[in-house]
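Before we start, here is the structure in question, set down as structure tokens.
Chain lettering (A, B, C and D) follows the sequence in which the chains are written, and residue indices restart at 1 in each chain.
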Amino acid sequence: MSSPRSWIAVVGPGDASPDELAAAEDVGALVAEARCGLVCGGLGGVMEAACRGARSRGGLTLGLLPGTDRDAANGWVVVAVPTGLGEARNALVVRAADAVIAVGGGWGTLSEIALALKAGLPVVGLGTWDAVPPGPGSGGVVPTALSGGVVPAGDPRAAVAEALRRIS
Amino acid sequence: MSSPRSWIAVVGPGDASPDELAAAEDVGALVAEARCGLVCGGLGGVMEAACRGARSRGGLTLGLLPGTDRDAANGWVVVAVPTGLGEARNALVVRAADAVIAVGGGWGTLSEIALALKAGLPVVGLGTWDAVPPGPGSGGVVPTALSGGVVPAGDPRAAVAEALRRIS
Amino acid sequence: MSSPRSWIAVVGPGDASPDELAAAEDVGALVAEARCGLVCGGLGGVMEAACRGARSRGGLTLGLLPGTDRDAANGWVVVAVPTGLGEARNALVVRAADAVIAVGGGWGTLSEIALALKAGLPVVGLGTWDAVPPGPGSGGVVPTALSGGVVPAGDPRAAVAEALRRIS
Amino acid sequence: MSSPRSWIAVVGPGDASPDELAAAEDVGALVAEARCGLVCGGLGGVMEAACRGARSRGGLTLGLLPGTDRDAANGWVVVAVPTGLGEARNALVVRAADAVIAVGGGWGTLSEIALALKAGLPVVGLGTWDAVPPGPGSGGVVPTALSGGVVPAGDPRAAVAEALRRIS
């Protein structure tokens, strides 16, 4: 049990489709094969599938829970941290990571993507948000420019490879 | 100095265009005219313009700062809270509000929009993000459904009216 | 409604004795007379009495609540911030203050005193904790030295005067 | 690498005496021998000594750092979480634990002890704070009663045994 050199956050909805779950499990397995730690929000859906995948390869999983009850973590989380911060814990998931892979997505996922891009972290997406920044004339205002964005990937293997490439 | 019945968060980039600043100042003034408190991230750009607008009508302004230095607040913040939470304070801006008005936007703004929608708050937008949820087939996965979203407004008056309508 | 130059935190138990409540109300009134803002945890007991005192002199009161419900604030809080951070909000109460006055005390109060002293803030006490640092030989270990500590005051007027003196 | 059933927080100063360091290292080793996880603030002094002790027995160590830089963790932390919350992370250290062992202590340590007692956690002390609650007449106020407190232990073995006994 040594400390992983790099950590990858896998973010996605707690209520996920079968396709999202399968993709998340593959992502988790590949993250562990790359000897990276996997950090997530610690709950169900995409988070649970990703942890299960990581554990299937002996990986280390860290779950940063919104509530104060450690038992709310899914069964594949090795280290569960009951932050008690509610959705403010999304910022901690991002801070704990060197790169973020988003699988599917609800509003919470979008907030994690946005916080990661704000922090300058690479974000790779599988079937996730396509955030369209404000365009000229929308609402009568001309927006400021913006750099970065979600890098779309075609499948789990490409997603993990891209995340690893951007960390190194 | 009585406690406002309702609080409206105005979120937007610290580095904003002249159009964004003008819109934010109008929004702030209208929020104060409606006797609502204005909460924001307390810094410059859209946040400062909105506070200036609110103060021009004698409104109450609350700035939840990311750092630990109260003096980082713009000069129109009446109550500055140096949270020391970094970007995790975005979650607190949202929690302190009954509705959110987004003017323009960078990644931080997008995170606040997403956290607000996650919490079920009404979000009205002026020249801001159009977040496109994952569509069928993107990345090979079929996403789950999602309710809510940013309500676009044509100008500051319409934005504040819409926010007030959704609070009541 | 102008922004106070200085903020004083009043900390103490939510379940307080009549003596503690009377002292807290006097402290709150004197804080407002000194044109300082009063920040506290926003709930009942000492927090409510201090806010009531401050409002009796037209002062500005800020309540940083542990939960997510703004309505949990006592009726004398002008600006209620539902942080949703649980007891972690104690650190925010301290950060928002230039000095701390502790009236009576439970474990939560002790945590705020300790966080304030850790941050180098002046802490004045009225019938509050006397924290005794580890002494030589206790538990078989010789402790490191420690600077600072709670400054005891004889009555509310002396407490506020001492806090103001240490801010200036 | 399985998930520990119980977690024990070891809290103490970053700038510690040789006696404190030796005690902390013994505590860490005994925590790991009991197959508990060890959580701490992740930095130096007592925290580092406790982690080193735990790792000497193959234990799992979790460091919840105040800053945003994972590299600030001591070299014996397996899972470092850069919370970016400053001293507010002390509340997270306590939440992540089933019991707390305090070794020596500064103001930060006292805040963790107080937060743990507030949360109803068992706290065992080795050469640490003896917090004296407000007594009758102090500052002219009669205080409310208070339950719980630090359980003093004579040596590391007794401290860990007492913590384990109170968890079960």
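We adopt the following convention: a residue touches a chain if its C-beta (ideal position, glycine included) is under 8 Å from a C-beta of that chain, and two chains touch if they have at least 3 such contacts.
Source: prediction; values computed, not measured.
Peer 1: Using the touch rule from the top, work out which pair, B-D or A-D, shares more C-beta pairs.
Peer 2: A-D
Peer 1: Find the chain most remote from chain B, comparing centres computed as mean CA coordinates.
Peer 2: In terms of C-alpha centroids, the chain at the greatest distance from chain B is D.
Peer 1: Taking each chain's centre as the mean position of its Cα atoms, how many Å separate chain C from chain D?
Peer 2: Between these chains, centre-to-centre, one finds 25 Å.
Peer 1: Measure off the straight-line distance from the CA centroid of chain B to the CA centroid of chain D, and report it in whole Å.
Peer 2: Centres of chain B and chain D (C-alpha means) sit 39 Å apart.
Peer 1: Just curious, how far off is chain D from chain A if you go by their C-alpha centres, in Å?
Peer 2: Chain A and chain D have C-alpha centres separated by 30 Å.
Peer 1: Would you mind listing the residues of chain C that make contact with two or more other chains?
Peer 2: Touching at least two other chains: 68, 84-86, 88, 91-92, 95.
Peer 1: Chain contact graph: line, ring, star, complete or other?
Peer 2: Chain contacts: complete, every pair touches.
Peer 1: Taking the complex as given, what residues does chain A use to touch chain D?
Peer 2: 1-3, 7, 37, 58, 60, 62, 64, 68, 70, 77-85, 91-92, 95-96
Peer 1: If you look only at chain C, which of its residues touch chain D in the complex?
Peer 2: 13, 15-17, 19-20, 22-23, 85-88, 90-92, 95, 103-108, 110-111, 114-115, 117-119, 125-134, 137-144, 146, 148, 152-155
Peer 1: Which chain A residues qualify as touching chain C in the complex?
Peer 2: Listed in rising order, the residues of chain A that touch chain C are 68, 84-86, 88.
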